[in-house]
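The following blocks contain the structures, represented as structure tokens.
Note that subunit A is present in both complexes that follow, paired respectively with subunit B and with subunit C.
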Partner chain A sequence: MILSRTYRILIVMLLALALPGASSFCAHAEDDAVTSAAIQPVSPVQTDSVSAHTGLEMPSDSAARADAAPMVAGIAPEAEPFNPKKMVMEHLADSYDWHITTFKGRHISIPLPVIVKSSTGWHVFMSNRITGGGTYKGLYIAKEGSHEGKIVEDVDGDQRRPIDISLTKTACGILVVCAIMLVLFLTAARAYKKRNEVDYCPKGLAGLLEWLIDSILDSVIKPCVGENYLKFAPYLLTAFFFIFCSNLLGLVPFFPGGANITGNIAVTLVLAVATFLAVNLFGTKEYYKEIFWPDVPVFLKAIPLMPVIEFIGIFTKPFALMMRLFANIMAGHSIILSISCIIFATAHLGAAVNGSMTAISVLFMVFMNCLELLVAFLQAYVFTMLSSVFIGLAQVKHEE
Partner chain B sequence: MGLLTPSGGLLFWMTLAFAVVFLILAKFAFPIILGSVTKRKEFIDSSLDAAKVAEQKVADLQLQSEQIIADAEKEKVAILKEAATSRDRIVADASVQAQQEASRIIAEGRRQAEAEKEAILANARGEVAMLAVQMATKILRGNLSASEAQQALQENLADEIRES
Partner chain C sequence: MELSSVAAVLSAALAVFAAAFGISKIGKAAMEAISRQPESAGNIRTSMIIVAALIEGVALFAVVICFMAL
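And now, the complex of A and B:
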């Protein structure tokens, strides 16, 4: 296909716009390398990726350096080659500080409070005391082993996890989402309260939220829960908007966003437990009768086959909710990160390969981000819908 | 496996934050929003019902007014018809009366003329009788004096009669 001149210019501009964004991932990767190796010489991968950022043409001397890259790597084994898996995994996992970028070899990150109860009692301090590899009152971040990346202490020559309720990156992300939700919904609610008129139709923020709330209420909650849907609407709406906001914020690549909130199993576990409680605490008598004494031939109940299956079903439903949300969001994040890693993984292969792979990577990233935007809504919608269905199933009335 | 193990600290924060947000929103935000949406929905529904009723009423009134107009039209036609009939009758009556009056006047005139003619004739007859008597008197007088004179008298008398 022959692209017209305008199209070519557009694509070059797009790349120029997209690449600075990608460079933050590069910085992240560099940061990881720095944290794992105390002294870090300039890695050839980074030089090349930097020159790849400046434009699609690469000067001949950097091409020469690219050719020399394997040699340099051979001479200096401490110069770690770019490790996409490590970078992706480190992004997906939680961290004690909120890394923003690395500028000229210096990490710019927001230190977050660490709250731990070690063998010496409670300790509260900022994470910058230990993220650089330091030790604070016997506490440090494990570099390897089963507690890799977590705060540990050495007790009797043993690495042990203290009780750790640090405000990690994900925890801060949760608080950001909660703050956004509180501001949004309390502002909207005030707009209604201020004009206590029956025919008041809100505009702006309240109007937007009303549209969202009403569409979720009418298309999901009302049909799935059944007649007393208003009792469960606050929980379901909170869950929906929490997941939706977290998903959207997770797609924003810079500071208040970027945290992998709903792609963290602890978060989805709490959400699933909340649904579990909503289902089972408010279940009707018929719901429990259907579980423990279902309407099946007696021999299926005498050997308690059906009750056991039904009882397991109580737990598999929220478990599926937990895994679905977690896996979807985590997969989305890993795919976007992996695609961005293509740029840096091909950096030592020369200008032509790296340039074309960069273009492909950016195209895929644009596509994936669009897809993830859809997924962000879809997963929140699916979670809310299934929660509504489970709640609705627990609201059965005896049918005669 | 690290990703699949929920960390205790995060569970704590998530539970706390989610519970707080849920409680605040469930108490201060969603009931207000949902309540006002429901209220507005009811208001709109009732307004629509009221509009429907009003529309029905308007349609009824329209029908009624059309009925009234039709009735009035009918009445108008009837009145006009009656007016035309009575006008014709009045005109006819008037012409009959005028006819009678005219013929009465004519008859009266004719009768008067007849009477006057009679009177004139009677008068003329009297005059003629008087003249005849005077003539007879004069003739008698002339006869008595002379025959020539009588002749002259006779001619005079005849002239006199002719003159009168």
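And now, the complex of A and C:
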């Protein structure tokens, strides 16, 4: 019963995800081939290798976005070398469209809505108007400078950032994660509501989720938070599953995944701020007394040495949470991308070298992906555990 | 390469080295404790992860500073 419903929901979800994408597939490369060729350095080496290794290349490869348009057969002598740093950075960064693949020089990507307030007022339009290098109402994507890759406008001769609340790739990825979590947990909740004496034990999806939730609740939240753990369990479990789903989706290289969600410092900042609020808004009187007037000799408090250190400690804890998640996921993604860069960087060295390096690269990539699966769980676990510990530390009761 | 980026890279290496040293000591102590008292493996693992995360936090501060200096 549950399984069949799960399948149905999965199919509906896949359709819902695929349809807007299919209806608005855009191929904006060809029109802008001339402009992009003029602005961006053409790299036929890379273009060549991309088409040669389509099977091995990550499908969300956007490095070839502008470069792949002018297909050049063979290697031009003035070819610019493949730039791994630029390719890795482009994959890690947020973008205005969701690039899926480049097929025979055409970019297949899903345009996302751009919402900006420029000097001429609010503008809402789809990103395929500007991602190919176009300009729409004075707005365009900066190719270089401090706002590289962001929407800018020219005001009085210098580039200026408008107020930008666009639905970017990362924001879209968050929505996908939310949809997946809603489907998972609402299905499980319905299975719980419908159970009876005969069929009491949860099965299928609900059973899996019960096992996961119970293990996190019993091994992390209960011992770390303390007696009133039920008050904080909803937040901590939500944070755990959000981070876990985002990490896993970040490892999937093709469309519904591929967005670098928890490797975006803004996302981890919001998560850390949520923990900061949970710790400090629900902190007891004793918690604040320990910070501002601890039980230490008076000279340590008169010159406010201890209180200052403790006060800074309030902010360093969530800061470390933010940096840990961001840096771990970011590092994992860049390692995988760098390993895949080996293929393209050795493309001009001939078939033997390139072939063997490709084999090595694929082996390493499989290994790194397995490691990243572990990291995906571990970072969600560590975030939840440290949040629980910080919340538990703020729940001190005065010992009688 | 500029001198400042050399310094940044070297200090990042130093920070990672120190963090690895600290975490290795925790891991060693935890392994020994678990082998001595296998029944309290869960508690030891929890404390080990917390302490390792604290060390990692400091190391990440250092790496971020190095990254800004790069």
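Keep this in mind: the second predicted complex is superposed on the first by the 319 of 400 C-alpha atoms of A that agree within 3 Å, B and C clash if a C-alpha of one lies under 4 Å from a C-alpha of the other, contacts with A are read in each partner's own complex, and residues count from 1 in each chain.
Rule of thumb we're sticking to: a residue touches a chain if its C-beta (ideal position, glycine included) is under 8 Å from a C-beta of that chain, and two chains touch if they have at least 3 such contacts.
Please read these numbers as outputs of a predicted model, since none were measured by experiment.
By the document's definition of touching, neither partner reaches A:Gly145: not subunit B, not subunit C.
Of the two partner chains placed by superposition, A:Gly121 touches none, neither subunit B nor subunit C.
Judged by the touch definition given at the top, the superposed model places A:Ser219 against subunit C, while subunit B stays out of reach. When the shared chain is aligned, no partner comes close enough to touch A:Pro297: not subunit B, not subunit C. In the superposition on chain A, contact of A:Leu386 is made with subunit C only, not with subunit B.
By the touch criterion defined above, A:Ala266 lies against subunit B but remains apart from subunit C after alignment on the C-alpha atoms of chain A.
Look at A:Arg324: by the touch rule set out above, it reaches subunit C but stays clear of subunit B.
Overlap of the subunit B and subunit C contact sets on subunit A: empty, with no shared residue. Of all the residues in subunit A, the ones that touch subunit C in their complex are 219-220, 223-224, 316, 320, 323-324, 327, 381-382, 385-386, 389. Considering their complex, residues 2-15, 17-18, 20-22, 24-26, 28-34, 36-37, 39-40, 43 of subunit B touch subunit A. Contact residues on subunit C toward subunit A in their complex (touch as defined above): 42, 46, 49-50, 53-54, 56-58, 60-61, 63-64. Taken in their complex, subunit A has these residues touching subunit B: 89, 92-94, 115, 148-150, 163-168, 170-171, 174-175, 178, 181-182, 185-186, 188-189, 192-193, 198-201, 206, 209-210, 213-214, 217, 230, 233-235, 237-238, 242, 264-267, 269-271, 274, 330.
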